[in-house]
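Worksheet: the structure to be examined is printed underneath.
Labels A, B and C are assigned to the chains in the order they are written; within every chain, residues are numbered from 1.
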Amino acid sequence: MLTILFDGVAYGMLLFVLAVGLSVTLGLMNFVNLAHGAFAMAGGYVTVVLMSRYGVPFVACLPVAFLAAAALGAVLERTLYRRLYDRPHLDHVLFSIGIVFMAVAAVDYTMGSQQQNVRLPPWLSGRFDIAGVGIGRYRAFLIAICGALVVALQLVVSRTRFGSRLRAAVDDRRVARGLGIPVDRIFAATFAVGSGLAGLGGALGAEILGLDPTFPLKFMIYFLIVVTVGGTRGIVGPFVAALVLGLADVAGKYYVPASGAFVIYTLMIAILLVRPQGLFARPR
Amino acid sequence: MDADADAQRDAQRGRVAAAFAARHRWRRAETAFWLLAFVAWAALPRQAPIGNEIAILALFALSLDLILGYAGIVSLGHAAFFGAGAYAAGLFAKHVSGDPLLGLAVATSVATLLGFATSFLVLRGSDLTRLMVTLGVALVLGEVANKAAAFTGGADGLQGVVIAPLFGRFAFDLSGRAAFAYSLAVLFALFVVARRIVNSPFGASLRAIRDNPLRAAAVGIPVRRRLVAIYTIAAAYAGAAGALLAQTTQFVSLDALAFDRSADVLLMLVIGGAGWLYGGLAGALVFKVAQDVFSGLTPQYWHFWLGLVLVVLVLTGRERLHERIARLLRRRGAAAAMHDADAARADRA
Amino acid sequence: MAAALETVALCKTFGGLTATDRVSLALAPGARHALIGPNGAGKTTLVNLLCGVLAPSAGRVLLDGEDVTGLAVDRRVRRGLGRTFQINQLFGAMTPLETLGLAVAERAGRGGDAWRPAGRDAEAVNEIVELAARFRLTDVLEARTSTLPYGRQRLLEIAVAFAGRPRVLLLDEPAAGVPEHERDELLAAVAALPRDVAVLLIEHDMDVVFRFAERISVLVNGAVYAEGTPDEIARDPRVRAAYLGDGDGNG
């Protein structure tokens, strides 16, 4: 039971790191970016390539995954995404689906369609026992890293100047601009960091979630669930939503294996029925 | 003096009636389109299988147009109804009767019920919520189909679907001619019905709801009721398309419910233009032909070009292209009607 | 004789803000009633409460003596309550012809008809022509609404509300934003509304108000500050001090 709890928390925190960028992007730019998973995939593949072709150790790949995905995000934001902020949501959906299709096909072409394997360093594999409960080392590692990230993000958002400017821009873009806040630069930075985090998540998650060219499509729904249920107004909402989702998924697959992801989807629909703005959105 | 005013009123009434009539009169281009479609069936026997696919996709795209183009509901999970219709038709043929028309009726009914049941989910919330909910419903159905493998065949697909010859005479054989004719006929029949719906007061109220839901309610339109109605109808149409697929290919697999299918149909409709009924048909045609062409070039990477088209289309602004086409067609029709009304008045005077 | 429209201690609070403060208003059938008040007094909020766009925090709304407080917007409309919006809310892509056709069809109960082509109904056509004549829209019936001059759009706004054959019509600043040369046409149309329709007019322009109204309510900070005939209001020293001020009608 405790193992499930532990696994669920690890999974949930991983989902959070993957999805937080999407949440902030949606709240800030009101942009429905279904291609968010592509950045995660990029981070994952960068890691795989670095490890298998250049022998870079796993932990060293993680910051590179972050930076690569962030750079990709920054470039795409400046060149393409920026033009579509004021368009209707349908345009966002179509555009990002187009990007996903291109990304999936491009990766399939260059890297092949098989599952990629990430060989974890020995100190991260296996389990260690604490009071008779088996704790996977990798999952413990995940919880540690993701936990640190959550804390760091929350501190940045609530304590730094960038954070307060970000919150102002999320609250009311026009007023923020009027106050002299460089909204465009905040968009660019936020998008880049969000994509970078997704990339990091992709690298971290390759072992647990698997990595193949269909990753963005497979996991898009999970990210979207985190965002719609958790709301887009801060860090706490998506964090809790991701944890709930992670726990529900792991528990569901363990206790009712025949139902698969059924539980998650039904839960999501139920929640959205009761509170269409998400569990944590401020009532408008 | 009074006679003058009366005559004026009469003339105005004539104009108003003519203007309305112009909207729903069949234009020459439309008749030509359908004639061409039937000619294609007659003259291109070797293209029958792909023609069949196009007709089915066209019907599916038409069903999405009913909710997206006419009611403004963005759905990422419309394949739920397509798949439901497909599986219903397949299972019906396998376990009850191979009669195609009966199966079509049953499958459409199943999809209708499903549409009605889920319609309440799309009434609430923002665009994003609706996207999520529609996506969620399709995914739930996909999971159900996957897990109930004993019943649905799971990932291997539903085997053993045998369809009896249509009207006892026309078997769906490998040439595909009977299948193409069947799908085309169903498409045409349902299209005619859709055209009437769209040009009716009900259809007008949908467009009002799409353009300004606040005003629509203030005019007395029962918004929720109308949306539930059109969503259910659209589900029925999608289910019919799915049934056609199951019956003409005598096979159903999980990809009838996959996200790909929902995304593809959305793309088809967007290429052709949502909101004028022919958009879905045109889009399906272009999509399928392009897919054929590109699959010849780079077989597995068709989706790359698809994605590229989408991106370019959105960046350059899809409305501009469609606006121009629509304006051209609309102006010609309305102008013709006015001319007729004026001529009639001149005759009377 | 039951009031055409009546509110009983209607209240609306948003968090800590009281937008509508125990407003009790009564409109006689065929009334010509004006609602005036400074900006931010809560006039449009009151209209939204009357129509059902907003749900009240307390109090009731009665239409022809019947409690409609819980009814949705469209149901109130079908019971005979029409309104115009302060900022035009029209269907930009439709023509006035289609818009009026829509309103007429809904009122006739034929809005849900999915089979009959719109416009086959001779009676509906008749009604549309009459409406167009009354609101001077005959020559622009087939232009796209978004291309019409603002004054015409305002006329269409009123025509659409009137098409529902309301017994009570709420006009929210009908002349607002209408250029000088189109105002007379608009005001004439308002003055020509039939006597069996009770009209509640929200206006800033005192000339219009005093010309049109038989009864005036003054709304300040969400509450009814004063109510009476135009003469009484004009002479009320509190109203003059608080609102009419220098008397040139700038709200």
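Throughout what follows, a residue touches a chain if its C-beta (ideal position, glycine included) is under 8 Å from a C-beta of that chain, and two chains touch if they have at least 3 such contacts.
Just so you know, these numbers come straight off a predicted model, no measurement behind them.
*Asks:* Tell me which chains count as touching both subunit B and subunit C.
*Replies:* none
*Asks:* Of the other chains, whose C-alpha centre is the longest way from the centre of subunit B?
*Replies:* C
*Asks:* Could you name the chain whose Cα mean is nearest to the mean of all protein Cα atoms here?
*Replies:* B
*Asks:* What whole-number Å value describes the gap between the mean CA coordinates of subunit B and subunit C?
*Replies:* That pair's centroid distance is 40 Å.
*Asks:* Taking the mean of the CA coordinates per chain, how far is subunit A from subunit C in Å?
*Replies:* A distance of 50 Å separates the two centres.
*Asks:* List the centre-to-centre spacing of subunit A and subunit B in whole Å, with centres computed as mean CA coordinates.
*Replies:* Centres of subunit A and subunit B (C-alpha means) sit 35 Å apart.
*Asks:* Which stretch or stretches of subunit A touch subunit B in the complex?
*Replies:* Residue positions touching the partner: 26, 32, 80, 83-84, 87, 89-91, 93-95, 97-106, 108-109, 217, 221, 224-225, 228, 258-262, 265-266, 268-269, 272-273, 276-277.
*Asks:* Per the contact definition, I'd like the list of subunit C residues that touch subunit B in the complex.
*Replies:* My answer: residues 51, 53, 72-75, 77-78, 82-83, 85, 89-94, 97-99, 101-103, 105-107, 110-120, 122, 125-126, 128-129, 132-133, 138, 141-142, 160-161, 163-164.
*Asks:* Flag every residue of subunit B that touches subunit C in the complex, lowest number first.
*Replies:* 9, 12-13, 15-17, 19-21, 23-24, 196-197, 199-205, 207-208, 211-212, 214-215, 217-223, 225-226, 229, 334
*Asks:* Can you list the residues on subunit B that touch subunit A in the complex?
*Replies:* Within the complex, subunit B touches subunit A at residues 68, 74, 76, 121, 124-129, 131-133, 135-137, 139-140, 143-144, 146-147, 259, 263, 266-267, 270, 300-304, 306-311, 313-315, 318.
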